[in-house]
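In the two complexes below, subunit A is the common chain; its partner is subunit B in one and subunit C in the other.
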Partner chain A sequence: MKNQLKVENISFNYLNKKILSDINFEYEDRGVIGLLGPNGSGKTTLMRILVGLKTPKTGQVLLNNKSILNNREELVNMVGYLPQNFEIYNYISGLDFLSYVCDIKGLNNEEKKEKIDYLVEKFNLSSVIKKRFGSYSGGYKRRLGIAQAMIGNPQFIIIDEPTVGLDPEQRFEFRQYLAGIGKESIILISTHIVEDISFYCDKIIILNQGKITFDGYRDDLIEIVDGKIYEGIINIEEYDKVKENFRIIEQSGSERGKVKLRVICEDNNISDGFTKVKPSLENAYVYFQAR
Partner chain B sequence: MKTSRFYFKVYVKNIVFLLMVIAVSFFCYYYKEVLEMSIYLFTELSSYSLYCTTIGIMIISTYISGNKYEIVETIERNENKLFLSNILAGTKVSTLLFAIPCIIIFSHINYIGVNVYTIKEFFNYAIIWYCANIFAVVLGATVGTFVGNFLRYIICIIIYLFSMGSSMTLFSPTNKFLTIFSDFLSIFTDKVTAPVNYASPILFNRIYLLDKLFIVFNILFMITLVYVKTNIKTNKNKYRYYICVLVVFLIIQSSMICMVYPLLNIVNDPISEVENKNIQHAGYSIKGYSMNIDVFNKLNNKCSINLTKNNLEKNQLEFFLSEIFKVDKVSINGNKAKYSRVNDKIIIETNNIEDSELIVDIEYSGKVYVESFNRAHVLYTSNRDISLLDNIIYWYPTLDNNQKSSNFQIDVRSKSKVYSNLPKVKEDKDKSYYYTRLKGEGSGLNILSGNYTTMNYKNLEIVYPKCISESNVKIWVDEHLNQDFYPTLDISIINKIIINSDQNSLVIDETIFMPII
Partner chain C sequence: MYIFKRDKKLYLDIFYKKKCGLNSIIIAFGIALILLGVYYVKINPLPLIHGIDINENYSNGDLLWSEPLLERDVPIFMIIVICFAFYEDYIGNAYEILTFYNKEKFNVLIFSRWLVYTVMILFIALANVFIQYIYSIGSILDVLVLMMRFIPPILFISSLCLFIIVIFKNFIPAFVVSIIYVVLDQFSGGRLFKVFTLMGNSFFLENKSLFYINRLSLIIISVIFVYFACRTSTKI
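Let's look at the complex of A and B:
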C-alpha cells in the first residue's frame, strides 16, 4: 500500500498574526519532499502542525487518510520527527534515549535491542551511544536525532533544518543518511539551505510569508526559471548599474577589477556580455523568493 | 508505565542524586548508635537525611518537568502521562534511597529487643519517608508543569519551606487552629523534631492518620491541577475547574483540621508553673481516693473522693479536673449533686450537707491526648500505651497540685500491663484485659503503660523502657542516683525509679521519675 500525506487548508495564527494561510499539498509513496523558505516563513510552525504539536486554526493533516490531530497516540509509530533543536536531558546517554523511544513506540525487549543495534551501526553511533548526551558534538546529536526518528519504522519522517550547525563533512554524511532513508519512507525536510534540497529531494515546496509559492518537482521549478537567468562578467564600475536594472542572484569574484554575476531577466532585454545559462536549483529558489 | 524507566535514569544519573546518596548515608550512619535503643529516636535524629532527599528529589523532579523538550512532547503526546511517569520515577528513586537507612537500621537494631514497637516505629519511618518524598516529587513536577523557566526552582523551595511546618520556625502559629494547620502542612510531621517518646511512642492514632491523609490530599490536589491543565482545552473551562478543585480541596482540608481540633490538646506549662487559680478549698481536704479506671482509647473513671469537711465557707466544693473530660455524673453521699464547669474546674453544690465526711463520686470520661509546648507526646491513653502523669493536666479530680498525701485505692482495667508510683497489690490477667489494683499513700497518682519492663537493683524497683539494655540502666542509675543530682532528697527513702522519656526529673514520695537523656 502506498503511503499518502495530505495537507488540507492549513491556517495558523499567533497573537492575531497570520503565520500560515491556506496550505495545501499532497504526496504519495516514498521519497523526500523539500520544504524551502527563508527564516520566518512559517516552516517550523508547519512542521509542528504536521507532527501534532500545534493545532491549526483551520484545516487538517491526513496520513493514510487518518487525521494526525485526532489520532495522535495511534499515529505515534507512523511518524518520526527530528526537531530543529534536538535536545534531551544532558545527563542521560543516547542509549537511554533510544530505549525510551522504543518503549513509547511499543517495541518489546527483543525488538528494542535489535532496532537499537541496527540504528547504532547505521548511524555510526557506537563510540558515543553510552556517553552523556551533553557531551555529544552537533553531528552526533543530529545522528542520534535521526536514529530516534526512525524507531518504529515510521512511514512519514519530518526533519526540521537537518544540517544546521553541522560542519561540511558532517553535512555530507548526514545528507547521505537522509537519501538512504528516503528510499523507505516519505520524508519532509524543512530547510533554508538549498544545497540540502538539491542533494536528495524529488519534490519541492517553497513557502514564503506563510503561503506556498511553489509546489512541484525539482525539474519543474528549474524549468519555470529556465531562459530567465543570465550570466556575465562585468567591470566592477558597472556593478551598480546592473544592480539597478536587474536582480542579482549569484555573485563571485573573477579577474582583478571584474565580477561574475548571475541575474534574472524576464524580457531578454539585457546588455551585452550576459549570456543565457541553465539555472541551478538555488537560482530558481531565489527567483521564487524575489517574485 | 514503561516511560518511568527513562525518568528513573534521568533521576539517578543526575549529580543531585549522588549528593543525596552521600547525605543520606552520612546522616543515617552518623546516628546509627541510637538504633540500639529505638528506630523512633533514629527517625528524629537522622531527619536531616529526609530533608536532603526531599529537597534533592524535588529539584530533579522540577528539572524534569520544567524542561519541555520538543522531541519528548512529540513522541509522548500525553502531558499528564509524562507528569505521572515523573512521579512514578521519583517514587522509585525514593525507594532506592530508602534502602540506605533500611540497611543501617537492619544492621544496627538490637534484635533481642525487637517487638511490636520496633515494627511500628519502622513503619512510621517508612510512612514519613514516603509521604515526604512523594510530596516533594509531586510538588516539583507540578510547579515544573506550570512554570517552565528558572523561577520554578524558587517557587518550589518557597512552597517546600511552608511544607516543613512550624518545626522549622518559618512561622509560629498563634493559636490551636494554626498549630494544627502548620502540623498538617508539615510533610515530615512535627514529631521528627519533637523530643522523642521512645518508651511508648504513641503512633498511628487518629491524629496521625488525619495528618498523613492531609498530605495525601495535598498530593492529590496537585495531581488534579495538572490533570486540569493538561486535559481541559479551553482557558475558560480550565479556570472553572481550578476554582472547583480549590474549593473542594479547601473543604476537605478544613474538615480534617476541624476533626483533629477536639482531639489534640497542647499544654504550654506544666501544672507546677501554673499561676494560683484561687480555688476555694480552705474548708475541706481529701482523705482518700477510690477509683475504677478503664483505660483504652478512651479513659473512663469512676472516682470516689473521701472528703473531710472542716469549715466550709460556701455551699460548694471545687476541684480541678481538665476540661478535656466530659463529666457524666456527680453525687455526694450517694445523692445526685448539681455541678458546673469553668475551664479546668468543676464546682459542685453541697446543698447544706451537715456531715463532716463526704463521699463525692465523679464519673467522667474522655480521650486523652496531650502534647507539650515542644510537641512531645506527654499524656495519652490508647489500647496499648498509657501515660497519665499528674503534673501535666488534672486527669483526676484534685484540689491542687501541691495537695498533701492521700490514700489511694485504684482499680485499673487495661489491655496492657500498667506501672505506677503507687504499689501494685494485685495484678490479674484474662484473655483480653489486665486488672491491676494500686494501693497506698501518696501525694499523686501516675500511671504508665507501654514498652516498659521492670528489674530489681539495689533494693530498688526500676521500671524502664525495654529498648534500653539492663546493663545500661544499671550504669545509668549508679551514675545518677546520688546527692549531686538530687541535693535536697533523702535518697534512702526511694524505693522505685521509673525511667521514661519525660524531659524533667520528678520525685513523688518514694518514686523518682527520671529522664534518660
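Let's look at the complex of A and C:
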C-alpha cells in the first residue's frame, strides 16, 4: 500500500520571531526525503513539529489522510523518530529501552521478542544490546536510535541529522542502513551535509531562513543550476579578482601556485580558462543558498 | 534469543528499579527519621499531655512549636531526591525521546516518577510524625490535623522543585530556588511567604482558620505546579 504524507501550511513563531513560515510539501509511496538547510534554518523545529513535540502556530500534518498532530496515540503508533542527539539514561541497557518502546507501541510479548531479535540482527547490536547505554560508542548509539525508531513498523520515520558525530566509516554504514529502511517507509531526513542526501534521497527539500526554497527531485535541482557552473584552474595571484566577480562554490588545490575553482556565473560572461561543467548536488545546493 | 521476564509496561520499572543508589539513600534516610522519632518520644518526649485533643487545642497541644526536622530537613531531603530523580532527563537529551513516547496529553512518565518519590518521602515523614505524637492522638481529627501540618510543606516543595526542573529543563535552578525558599522561610519565621509559608507555627498562623487556609493554599498550589509541569512537559 502506498503511504502518503502531506504537510500543510506549517508556521511557527518563537518570541514573535518567525522560525518557520508556510511550510508545504507532500510525498507519496516509500522512499527518503532529504531536508537540507544550513544550521539555524529551522530544520530541527520542523522535525519536532512533525513528531508533535512542538505546536505549530498554523498548519497540519496528514499521514494517509489522518491528521496526526492532534492525536498522540496515532502519532506514536504511526511515526518513528530519531532526534539529533539521541540519549537515554546511561544506566539502561539497549535491550531494556527497545523493550520499553515495544510496550509503548503495544506489541505483545511474542511480537516484542521477534521484533527485537530482528532489529538486533539488522543493526548489528548483539554485542552491546545487554550493556548499559552509557558504555555505547557514538555509532552504537545511532544504531540503537534507528532501531527504536523502526519498532512497530511506522509508516513515517523522521531522522534529525543522522550522521552528525559519526566517523567516516560509521557514516557510510549508517547511510547503508537508511537506504535499506527507505524501502519500507517514508523517511524524512534533515541534514546540512549534502553527502548524506546524495547517497540515498529521492526527493529534496531545501529550507532556508524558515522557508522552503526548493522542493523537488535531485535531478530537477541539478537541472536548475545546469549551465551556470564553471570550472577553471587559475594562478593564485588571480584568486582575489575571481572572488570579486564571481561566487566561488568549490575550491581545491592544484599544482604549485595554482588553484582549481568552481564558480557560479549566470550570464556567460566568464574569464578565459573557465569551462562549463555538470554541477554536482553540492554545487546546486550552494547555488540555492547563495541566491 | 532474548527472553523477556517482564510483560508489563516499563513506565516505572526502568526508571527506578535501577536507581539503587537513590533508593538506598531514601531507605537509609527513612530508617534514620523513624529512629529519630523513637528517640524523641522515648528519650526526649514532646511536652504533650497524654490524650489531649490536638484538633481542639492546637496551640495547647504544642503544635505551634517549630518542627525544623519536618519543616526544614525533610523538605530539603525531598528537594535532593527530586533533583536526583530527574537530573539525568535534562543533563543529556533523554527527555526528548521520552517525551515523544508519551501518548497522553499529560506526561505520565514524569507524574508517576514524581508521585513515587514524593509518596515515599511523605510516608517516611508521616511515620516519624505518628511515632512522635502517638500519645496525643485521641481521634481521627487529630490525625487529620497532624497530616495537615506536615504533608503540605513536603508536597509543596516537591512540586515546586519538579515545576522548575521541567520549565528550565535543568535541575540546578530548581535546587537553588527550592533550597532558598526553605531557608528563607525558616529564617523569616514564616513572615516572608505569609500564606505560602511551610511553617505551621508561624505568627501568621496562630489562628486555626488561617492555619487551614495556609495548608489548603500549599496543597492547591502543589496540584497546580504538578499539573502544569506534567502538561507542559508533553512538549519540548
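As a working rule, the second predicted complex is superposed on the first by the 291 of 291 C-alpha atoms of A that agree within 3 Å, B and C clash if a C-alpha of one lies under 4 Å from a C-alpha of the other, contacts with A are read in each partner's own complex, and residues count from 1 in each chain.
Everything below uses one rule, namely that a contact is a pair of C-beta atoms (placed from the backbone, for glycine too) under 8 Å apart; a residue touches a chain by one contact, two chains touch by 3 or more.
Everything numeric here is computed off the predicted structure, so don't read it as measured data.
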Please tell me, clash or fit, for subunit B and subunit C sharing subunit A in the overlay. clash
If we overlay the two complexes on their shared chain A, which of subunit B and subunit C does A:L53 touch? Say first, second, both or neither. both
Please indicate which partner A:N85 is in contact with in the superposed arrangement: first for subunit B, second for subunit C, both, or neither. both
A:K113 contacts which: subunit B (first), subunit C (second), both, neither? second
So, does A:I104 touch the first partner subunit B, the second partner subunit C, both, or neither? both
For A:I236, decide between first (touching subunit B), second (touching subunit C), both and neither. neither
Quick one: from 220-228, 292-300 or 436-444, give me the piece of subunit B that collides with subunit C in the overlay. 220-228
Can you list the residues of subunit A that meet both subunit B and subunit C? 48, 51-53, 72-73, 76, 81, 83, 85-89, 91-92, 96-97, 99-101, 103-104, 148
Quick check on the complex: what are the subunit A residues that touch subunit B? 48, 51-53, 72-73, 76, 81-83, 85-89, 91-93, 96-97, 99-101, 103-105, 132, 145, 148
What residues of subunit A sit close enough to touch subunit C in their complex? 48, 51-55, 72-73, 76, 81, 83-92, 95-97, 99-101, 103-104, 109, 112-113, 116-117, 120, 129, 148
Residue positions on subunit C within touch of subunit A in the complex are 1-4, 6-10, 14-15, 18-19, 88, 92-94, 96-105, 234-236
Subunit A-touching residues of subunit B, taken from the complex the two chains share: 2-3, 5-6, 9-10, 13-15, 64, 67, 69-78
